[in-house]
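You will see two complexes here that share subunit A, one where it goes with subunit B and one where it goes with subunit C.
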Partner chain A sequence: MRDQLVGIILVVPMLLTIISITLFPLIFSYYMSVHNMTVLNFWNPIFVGVDNFVKALSSSDFWASVRFSVLYMLVTASAELLLGLFLSLFLERTMKGKRLVVSLILIPMAIAPALFGIMIKLMLNEFIGLIPYLLRQIGIRMHFFSDFPIVFTVLVVTDMIQWTPFVFIILYAALHSLPREPIEAAYIDGASGWQVIRYVKIPMLWKIIALVTVFRVMDALRAFDTIYVLTGGGPGISTTTVSINIFKVALIRGDFGLAAASTVIFFYLSMVVLSFGLRTLRRGGVL
Partner chain B sequence: MTNYGIIRRLYFGIVILIIFLLFALPIGFVVWTSFRSYGSILAGQFTTFHYSLENYINVLFNPGYAFTKGLWNSLIASSLSTLLAIAITIPAAYAVARLNTGGGSLISFVFSMRLLPPIIFAVPLFVLLNVTGLIDNVVGLIVIYTTFNIPLSFLVLRSFVLDIPSEIEESAMTDGCDRFGVLRHITLPLLRPGLVAAGILCFIFTWSEYLFALLFTIKNAVTINVVASQFVTQQAIRYGEIASAVTIGMIPNIIFLLLIQRYLVRGLTMGALRG
Partner chain C sequence: MSQEKSVSRRVFLGTVGGLAGGLVVGGAAGWLLKPVEREVRTVTHTQTVGAPGAQTFTVTERIAETITRTVTAGAPKEKVTITVNWFPGPESDAVAPIIDWWNKNMSDETGVRVELVLFGRAEHFEKIKTLLLAQSPEPDIVFMSYTVGAVWPHLEPLDDWFASPKYPYTLDHYVPAALDAFRVNGKLYGIPTDMNTSLLIYRKDLMPEPPKTLDEMVEMARKFTRKYNPDSPTEYGFAIQGKNIWFNSYFWINLYVSQGGVPPEPGREIEFAKSLDSPTAIRVLQVYVNMYNEGLSPPDSVNYEYAETNAALAAGKVAMALQWNAALGELRDPQKAPLVHDKIGAAPTPGRYVDRELVRLSEIHVHGPGINKYSKKKEAAFKFFAFLTTLRFGLDYLKNGGFTGSAAILDNPLAQRIRTEIPELAPIYKASFAMTTHPDLVPMHDILTRNINSALVGAKTPEQALKDAKTEILSLLGG
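This part shows the complex of A and B:
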C-alpha cells in the first residue's frame, strides 16, 4: 500500500508532462477540427461541425498522400528488412576489420535525416554531384527529381541507406546472442548453410524481426524529413506523405481546422496499424 | 585455389564494396566537397582538388549566415531537453521497474507515444505555442523536446534499473532506508551508465529532429537542421558552404553514436532488447 503511493508520487511528474504536452494537444485538435480556423480568423474560430472532416475525406490530395505514405511504408520497410537481415547474416562470419565495417554501417543512422537529405541532394546535383558526373562519363544524362519512378527510387534508396543500419544492428546483435547448440546440431545433421539460416536461425529470430518491423513500419508511416528536403513533396504532389500534406495545409495554406481534421483521421489510421503491431508483439511475448 | 573458393572470395569482395559505396560514399563525398574551394567545386571537375577552409570560415564567421545561431540553439535545446527528460524519468523509471506502478499499460502507453507520427501533435501544438507566445522561442522547443524525449529516456532507464540486483536495495531498506532514500543513495549511483546512455541517445534524437523545428521556429529559435535546409534554397549555388554546414551538423551525433555503440540496440528498441 505504501509502496503504491510512493510509486504514484514518482510517476506523477512524467505523467503530467506527457498529458499537458501531448494528450491535451490531441484533445485540442478535436476542438480545432470542428471549427473554421485559419490565419485570418485565428482568434475567432467559427463552429462548422463536420465540414472539415467532409473536406478532408473528399479531398483527393489527402487520399493521394495516404496512398503514397502506405506505398512508401511497404516498400522501404520490406527492402530494409531484407537488406538488414542479409547484412547481419553476412557479417556473422569472423573477418579482419569487422568492427570497422559494423561502425561504418551504423554511421548513416546517426546523421539527422534532414542533413542526410541535403547530402543526397548534393550527391545527385547535376552540376557538382558525383552520380550525375559518373553517369555523364558513360554518356547518360538524367534528372533525378522530375519523373515519379526515378524520384521514388531515390527516396527509397535514401531511406534504405539511412535505416537499414537500424535493422542490421538489432538483428546482428540478436544473431550473436542465439544459443549455439541448435545451430551446431543442425550442421551435424547435415544441413547446408542456407538451410540452417532458413529453418533454424530465422525461426529463432522471428520475435525480434517482428519488433524491428513494427519500428520500421511506424517510422516509415511518419516519413517527413528526408522527403521534404529532397522533393518538398513533388513533383506535383506525387511524393507528398500524410505528414507533408498536413504540414502544408497548416503552414502554407494556413487552414488549421482542415489540418486538425486530417490530423484526427491520421491519428486513427496510425492507431489501426500500431495496435495491430502491438498485438503481434504482445502475443509473441516481446512486450 | 578451387573455383568455389574464387567465387566465394569474389562474392565477399563485392558485398564489402557495396557496403562501402552505399553507407560511406555519400558521407565521404559531402566531407570532401566541404573542403574544396569555391572555384574547384564550380569547375565541375572531380579530377582537380583545391583544398580550402573557406567554406567553414564562411559558414562559421560570415554574419550573413544564421548558422552559428542554429548551432547554438540546437546545442541549448538538445542538452537542456535531454537533462530535463532524464530528471523527470528517473523516478518514474524506478517506480515502474521496482514498484510495478501502472503495470504494463503505462509502459505500452509510453511506448505508443514513441511510435505515433509526431505530425499528430504538431498542428495543435503550433496553435498552442502561438497562443502562449512561445513560437520561435527556444523555451518552447525545450518544453516540447523534453516531452518527446520522455519515452526513450523512461524505457531505457527502466531497463537499466531492472539490471541492478534488487538485493542491494532490500538490504538498505532493512537498515531503515525508505524508498526515496534508496533511490537517492543506492540506485542513482549504480544507474550512472544508464544515465549516460539514455542522455546520449536523447541528445542524438533531439539533435536530429526536424519537423517540430521547422514548424515552430521562424528566425530566432532556428535549429541547425532548419538553417542547413534553408541554405539549400537560399544559397543555391554555394555548395561548399552547404556541405560544410552538413559536415559540422553531423559530427556530434556520429561521435556520440560510436561512443555508445554498446547500448545502441537497447536504445533503438526502447529497452525491449538488451543487445
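This part shows the complex of A and C:
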C-alpha cells in the first residue's frame, strides 16, 4: 500500500505536466473556437457559437490547405517508408564502414527543421547556391522555386532527407531484433534473398512498419517549419499546409477564434485518417 | 580551590587575529560600498536644425553624461538587467555596439544592464504579438513597428513617462509623421528609431541615369537582361520581390501610387481597397506580371524577399530592384558586397509625368521600441528607453547602419558624412506618404501580397487577383 502510494506520488508531477501541456491547450482551443478572439480583445472575447466553424468550413483557402497537406502526407510518408525499409534491409548485412554510413544517415534528423529549411534554401539559391552551380557545370539550368511541380519535389526531397533516417533507424533496430530461426530456415529451404524479405522479414516487421507509418503520417499532416521557411506557403498558396494556414490566420490576421476552429476541424479530419492506422495497431496488439 | 583555566597562546593569538581580520574586511567593505558623492554637471547643446520639408526648429539636448544624474535619483545600489528586443538584421547590427557601450560605460552609473534579445526576422512581429498576448514580463522593451495599432493594449503608454521632470530630453527632433505612427487614440506607445522606405536600387555603373518612369524601368530591365541583350553584363534586368510574405506588397503599392493610385494612408484604407480593381492598379500589376513572364526577373523571384534580392544584387546578377533602404548599408559594404559595393545607386520608385512634372511617391513607415506593459522593471527600462531618444544614440545608430526617424539627425552635416545616402533619400522622404497604422494593416497586406503572388505565378489574372484582393480587404475592414 505504502509502495503504491510512493509510486503514485512520484508519477503525479509528470502526469500534471502532461495534462497541462496537452489537456489545457485542447480545452482552450475549444474555448477559442466558439469566441471572436483577436489580438485586441484576447482577454475579453465575445461568444459567437459556431460562426468560426462556418467561416472555416466555407473558406476555400482552408480546403486548399487540407488538400495540400493530404497530398504531402501521402507522398512523403510512402516515400520515406519505402526508402527507410530499403536502407534498413540493405544495411542489415555485415559490411565495412557500416557504422559510419549509419551515422551519416542519421545526421539530418539531428538538425532543427527550420534550420534545415534555411540550409536547403541557401543551397538551392540560383545565384549563390551550391546545387545550381554544380548543375550549371554540367549544362543544366534549374530554378527550384518557380513552378509548383519542382517546388513540391524540393519539399518532398527535403522532408525525405530529414525524416527517412527516423524510419530507417526504427526498422533497422527492429530487423536486428527479429528471431533468426525462421530466416535461417527459409534460406535452408531454398528461398532467395528477395523471397526471405517478402515472405519472412516484412511479415514479421509489419507491426513496426504500421507504427512507423502512423508516426510519419501524423508528422507529415502537421508539417510547418521547413515548408514555411522554404516557400512561405507559396507560390500563391500552392504549398500552404493546414498548419501554415492556421498560423497565418492566427498570427498574421490576428483571428485566434477562426484559427482555433480550423484546428478543431482538422483534428477530426486527421482522426479519420489516423483511425485506420490505430485500428491496425490495435489488431496487431501494438496498442 | 578552583583551578583556573589557562588560555593557550594559540587560542589567544587566533582570537586577536580574527578580530583584526574582521575589522579590516568590514572596513574595506564599508569603504567600497560608500555612496559616491557626485557633482551634478549639465552640459547643454543647442542646435538649430531643419526637418526635411518642414519648418526649422531648435533642439536642445543635454549630452548623455547627464542621464545618470537627472534620470537616476542617486547612485543605485543594485544593478537591474533588462531585456531589450530588437529587429534582427541591419537594425540589430546597429544597436548591438551601442548596447555594449551602454553596458561598459553607463550600467554602473544607471544601475541598468541591458541584454539584447533577438528572434527570427521573418516572424519577429508575430513572436512579439504572442509574447504580449501571453502577458510575458519579458522582454522589457519590445521592438515593434507601426503595427502598434494591433498591439497597443499590451504596451505601456509613454506620455506620462516623457512628461516626467526626470526625463531631460525632447521628442521634438523626430519627423512628426514618424512619431505619430506610434500614437493610438492620442497616446504614444513607441519611438521611431528606424524610418524605412523602399527605393530603386540600381547599378549606377550600368545606368548613369536611373529610370524615372515605369516604362523606362521596364525598358532598362529589358536592356540588362541577357535573354534580350546577349551583351548585357547582368543576367536579369530586375528582381521582383514576389514571396508570399505580407510586407512584399509595399513595392507594388509604391509603383501603383506613383502611377496615380490611392495611397493607403491613415484614414484612407477603405478608399485604397476600393481602388484596387481600378485600371491603374490592373495596369501596374500587369507590368509586374509581364516582367516576370518575359524573364526580366529571375524565375525564382516569386520566392524572393529582402535577403534573396540583396544576394542577387550583390552577386552582380541583377541590374536593379525595388528594395528597402536598409539594404544600401549592406550593398555598399566592401566586405559584404565586394563585387558591387562601389556601383550601387539609389533613386525614388519610378513614377509618371503630370503636367511635365515628375511625380514619384514612396511610403515611409517606422519601426521602433516600446515598453512592455507587463514588464516588472519599467523604471529601469525607461532609463535605457530615454537614452534611445537622444541624438547621440541616433547618430551612433546611423553610423552603425540603422536609419533614424529623427529629422534633426537627417539634416545634420555629420550624419550626412556618416551616411552618404541621406541626401539620396531626402527627396524620397520629402515626397512620401505615411503607411496606415490601422489594426488590420498586416492582414490587409497579407491579402494583397497573396493575390499579387498568385498573379505572378499565373494562378490568377491580374484583374482577378486585384478584384479578389479588393473583396477580401473590404470584408476585413467592414467597408
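Methods note: the second predicted complex is superposed on the first by the 267 of 287 C-alpha atoms of A that agree within 3 Å, B and C clash if a C-alpha of one lies under 4 Å from a C-alpha of the other, contacts with A are read in each partner's own complex, and residues count from 1 in each chain.
Criterion: a residue touches a chain if its C-beta (ideal position, glycine included) is under 8 Å from a C-beta of that chain, and two chains touch if they have at least 3 such contacts.
Everything numeric here is computed off the predicted structure, so don't read it as measured data.
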item: When subunit B and subunit C are modelled together on subunit A, clash or fit; value: clash
item: Partner chain(s) touched by A:I170 [first = subunit B, second = subunit C, both, neither]; value: first
item: Contacts of A:K248 with subunit B and subunit C, given as first, second, both or neither; value: second
item: Touching partner for A:G233 - first (subunit B), second (subunit C), both, neither; value: second
item: Partner chain(s) touched by A:T263 [first = subunit B, second = subunit C, both, neither]; value: first
item: Contacts of A:I8 with subunit B and subunit C, given as first, second, both or neither; value: first
item: First, second, both or neither for A:L74, with subunit B first and subunit C second; value: neither
item: Contacts of A:I128 with subunit B and subunit C, given as first, second, both or neither; value: both
item: Partner chain(s) touched by A:I21 [first = subunit B, second = subunit C, both, neither]; value: first
item: Touching partner for A:F145 - first (subunit B), second (subunit C), both, neither; value: second
item: Which partner, subunit B or subunit C, touches more subunit A residues; value: B
item: Among 4-12, 22-30 or 130-138 on subunit B, the segment whose C-alpha atoms clash with subunit C after superposition; value: 130-138
item: Set of subunit A residues, in rising order, touched by both subunit B and subunit C; value: 42, 114, 125, 127-128, 229, 251
item: Touch list for subunit A against partner subunit C, complex; value: 39-40, 42, 114, 125-128, 143-146, 148, 229, 231-238, 248, 251-254
item: Of subunit A, residues touching subunit B in the complex; value: 3-4, 6-11, 13-15, 17-18, 21-22, 25-26, 28-29, 32, 37, 42, 87, 90, 101, 103-123, 125, 127-128, 130, 133, 160-161, 165-166, 169-170, 173-174, 208, 211-212, 214-215, 218, 221-222, 224-225, 228-229, 242-243, 246-247, 250-251, 256, 259-260, 263, 266-267, 270-271, 274, 277-278, 286-287
item: Residue ranges of subunit C touching subunit A (in the complex, touch as defined); value: 120, 122-123, 126, 129-130, 133, 150-151, 153, 243-246, 298-300, 302-303, 308, 311-312, 315, 317, 439-440, 442-443, 446, 450, 453-454, 456-457, 459-460
item: Of all residues in subunit B, those that touch subunit A in their complex; value: 15-16, 19-20, 22-27, 29-30, 33, 41-42, 44, 46, 88-89, 91-92, 94-96, 99-102, 104, 106-108, 110-113, 115-128, 130, 143-144, 146-147, 150, 154, 179-180, 183, 204, 207-211, 214-215, 224-226, 228-229, 231-232, 239, 242-243, 246, 249-250, 253-254, 256-258, 261, 264-265, 268-269, 272-273, 275
